[in-house]
């Protein structure tokens, strides 16, 4: 508990350091230019913070958060792109997006209130797939796989922002979302969400209306996810293809909050850094490093016989497959996820309550106490 | 203090691990930024399903550079193979493509960008590179709207050219040409009356299928069905039943090998449908034959045709034939059809660097745009004012004894594009 | 205008293409409405049975450790690669007659053991250390395992063997030899019931019966159910919970192995990314039927197969996924615990 | 206190158990001798159930747990059962979707002597005839009292030499509570079963126990024979309500 009362300066220092980064960056060597990936981290952090409200606070597993991001991305694109009649501009576009997201959240949340646990998870997954299909198939409205171009970039006071401006604006969005999420967590509705997660029946007995609170959680999650979708496309100036908002994105968002520490607002930010960083920094740098070692798949001539054949077989295999760094990315990514879970199952920065949860012998914890764990 | 520790430790652990890794990686490859080095990037989906084609493209690029001994006009050419696909998606990722393009734009030594493979990715990269004045040569994009006014959305391609200049070029003919060629082939050579058109619901496949459908309407070929399929489905038997019930006498699939072209063919054949199966150059690769297997590709099962925006490797003459021979010697196999595009894209870029007076982005861009009567591996061709190749010789191929076999060449003629 | 450049050789190919005159290529077009419906039912049933087979292995593990096992489909994918390697190394596609049948049985058994062991190993390395952790951590570990298995498939696909196209394109889809030729076993009118259709039934039905017997009547099966319902009480009964969990991973995995072989023979294509759809279908089927419920998984699998076929046939293929998920959502809205599911413990 | 002489069947020394950073048992000592009924009483949250779960090795713990003179503190739970120490857990923990018969079979999981198992099942049916009537019903459909009988019967199926019972009276109709206590006292005891009983109903528990321990916030604060404790003013004040 008292950890929450740590030095109040720390978050401000963090924000200040992040805000100062673009000013410092030009003086650093090229490999330290992290502004670009960091901007991406911000977008994912907002998505993660949204999902954390639904899955982290309220305990409703959502495997289709990408659908909300897609709704946001396409609402924003249609509301602002020059080929449509609306052409609202950046800020009004965002407002419409957030509202559309909330509406989508209600629409999914309302009929599925009775559905729980993994059953709800697959409902959300299905919702995600349906949204993606609709975006592809209704190509008269959404331009199908062509995507919508061009989408206006983030702007402030009528001026379009360049990379640095976008960085600061997104940072501001993250800070605001973060503060909002923390405030929500401590608010009446936030406590209602958490008590629903812990015990829905008991919370009902305490006068909380679970249906009401769940709908709100859906709406808040969807609204933030939609916002992140809009920010993403405004940054890329294209809505991209609907396939960008598929199951894979939902999984990344889920990994962000779990790796960060499910239910923890601060953890979610760290989770975004880790997940995006792994993809956009570590794996990219790794393959750059390996690529420059210049391994070429070379093989020619007749395969020899006997032991030589085995040697030839292995050599060819290694040269064809194992020497190419891109062939290792799935493995590294997957191993990293597994290892992070094994060494820190509660996530990097779990909410404080988790520490004190007694490992009571729940149905979910078979074989507890066998001393099998090192 | 003791209470804070459990929080600080994980943060510290993660940040320091990340930092160490980044440091270690950054320290390892320190490219010698000599004064006379020019950099060429390629951005292709290297992770995931397109890997085999992009590997052949990268091989082609590397061969083009090696041919010149890594030097052009006294300048060293450094090449970097960027990946725009992420393992999470297993396919191209818009964030990574944007990051790649930005990386190239920011690198002062960068004078050329070979990519992208997917037209969707090009839409992201084009405006970024255009603003930075980096010339972009694509070995794989076939969506017409990227270059041709009026072929896509009304605001295309101008939205990809914020600087107003054409900085994007491609060495492949576009979908509108290929779709029309495929349709003409069905009508004139196969004497088809009724076609069933399938597509994979992606930019490339759907685009080409749309053109096919449009051309069919113009040439009196009835389209009995037009369906987008799920490229990840395990089989298409129920669709085959539907096709059988329409009595179509040709089936066209706008899609790629990765999007299950071979599976559709197999299901057609095992479902008892012998109609000719026609697909575009996204299937013009050995992987298609290997994935379909001997039985589905045998002449008894029913004919198979593949259109291609150029001549197949063994029909290439001159430089093209030489490239095939060299590739084979180096990699022990006939190159994939895409390899020659990668090779050609890189060669035309190097040629422009050679011709440019100043070795800067603007001069090199101008030199690429001025490419005229280039004697390349695909033939002799030029870039038109949109950045498209004037090379328009297409070919129709079939499969014989497990190899692609050339059927006929079609010169789609200039200005045919609709 | 198109200018055809036709040499004699190419003309010959064209002539071959038109060997019996144009109409011979035309699909029959004579199928009656009923024949089309029956053909779609056959297709839906076969696909559904394959999905069901994957799904029961999935739901078994699911019921016991409450793990949404994202790696299950990828496990099947590796099983298919194992089978393809065996077929290629032994030249099994050339075996005919009794040898072929025996070979097929051996292939099924070997692949089942392979997949079972692999699933057991994944459980041991990735999931068991997380037994006391939250369900979501387990989920992320499963996602990670899925990526690792996919990558192993990519490596495997680059093996320089002929069946893997010499290993030159690791990522490309591979043809799986037609161990059971895709020829009609019998036809009713123009409705074709192919030999692979028959194979699917011949393999899946006995397996489902066997599994039902195992779970209902054997000591291990009862222990599995006991562990699923209350692991602590099971431990208090003297049941070695970890061993039972390991066993169910092995059995679930080996069912995936059987499914992989049947799938490969039926579809004749394997690729390193095919596990995604297999796992997804199994997941939907398992949830639709009711988590942990074996007959439910079979029912769910059949339903998905049939819905897919009907949607492909009578709606539009591009809407098929939406139709499947739409029906799924509707069913869950009205039956929140699946078709045959028991009431769910309220815990995420 | 008056512990009987001879080697105890169960001896727990310095048992400590923590959940996260919170230690809930601070070194519990207790002994149960062959043929005894020993009860463990205490308020809610005193750590009674945790103690039993530690002895059954469901929770990890420090300290020494000896059964029959052998250390069982490092064994996995199933080995504890195999040594002859069974538990009827709190809340019964019936397998709700197994039939009554299957539940009983699970109790005999460690055994493979089919005929003897069948005999034991008949014996359980003899003690609790209602279970026989319900033998093909699912466990979850039984009433609370019936479930408790099933839980006891299930534990007996492993042929334990010692039984630990956790709150057998909890949430059960008074008539059935009487029946269950009667069974403990007159049937099990008559068969020479050694029993460690955890009970909230201190009065009933002390009346049928040879000895008892009082547990308060993770430590044993009192011990004695059942009668001694029944008379002890502190116990009367805190647990007997007068």
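Labels A, B, C and D are assigned to the chains in the order they are written; within every chain, residues are numbered from 1.
Everything that follows uses one rule, which is that a contact is a pair of C-beta atoms (placed from the backbone, for glycine too) under 8 Å apart; a residue touches a chain by one contact, two chains touch by 3 or more.
Bear in mind that the values here come from a model prediction, so they are computed numbers and not experimental data.
K.L.:
Touching chain A and chain B alike: which chains?
P.N.:
Per touch definition, common to chain A and chain B: C.
K.L.:
Taking each chain's centre as the mean of its CA atoms, which one is farthest from the centre of chain B?
P.N.:
Centroid comparison gives D as the farthest chain from chain B.
K.L.:
Decide which interface, C-D or B-C, involves more C-beta pairs in contact, and give its chain pair.
P.N.:
When the contacts at B-C and C-D are counted, B-C has more.
K.L.:
So, what's the distance in Å between the C-alpha centres of chain D and chain C?
P.N.:
Their C-alpha centroids are separated by 47 Å.
K.L.:
Counting only Cα atoms for the centres, state how far chain B is from chain C in Å.
P.N.:
Each chain's C-alpha centroid was found; their separation is 32 Å.
K.L.:
Please work out the Cα centroid separation of chain A and chain C, and write it as a whole number of Å.
P.N.:
One centre to the other, that is 30 Å.
K.L.:
Check each residue of chain A and list the ones that touch at least two other chains.
P.N.:
136-137, 251, 327, 329-330, 333, 355, 359, 361, 367-368, 370, 372
K.L.:
So which bits of chain B are touching at least two other chains?
P.N.:
In chain B, 51, 55, 87, 90, 201, 228 touch at least two other chains.
K.L.:
For chain D, which residues are shared contacts with two or more other chains?
P.N.:
Within chain D, residues 58, 76-77 contact more than one other chain.
K.L.:
Across the complex, what residues on chain D touch chain C?
P.N.:
Per the stated touch rule, the residues are 56, 58, 76-78, 81-82, 86-87, 89, 93-98, 102, 105-107, 109-110, 154-155, 158.
K.L.:
In the complex, go through chain C and note every residue touching chain D.
P.N.:
219, 222-223, 225-226, 229-230, 232-241, 342
K.L.:
Touching residues of chain C toward chain A in the complex: what are they?
P.N.:
Spelled out, the residues of chain C in touch with chain A are 64-66, 68, 125-126, 128-141, 143-152, 154-155, 157-160, 167-168, 170, 227, 229-232, 234-235, 241-242, 245, 283-284, 287, 291, 318-319, 321-322, 324-326, 328-329, 332-333, 336-338, 341, 344-348.
K.L.:
Considering the complex alone, what residue numbers of chain A touch chain C?
P.N.:
55, 59-61, 111-112, 114-119, 121-123, 125-127, 129-130, 133-134, 136-137, 197, 200-201, 251, 254-255, 258-259, 262, 313, 316-317, 320-322, 327-331, 333-338, 340-342, 345-347, 359, 361-368, 370, 372-373
K.L.:
Within their complex, state which residues of chain C touch chain B.
P.N.:
Chain C residues touching chain B: 1-6, 10, 13-14, 16-18, 22-31, 36, 39-40, 43-44, 46-47, 50, 147, 150, 154, 165-166, 168-178, 181-182, 184, 192, 194, 196, 263, 266-269, 271, 273-274, 276-278, 308-310, 312-313, 316-318, 320-321.
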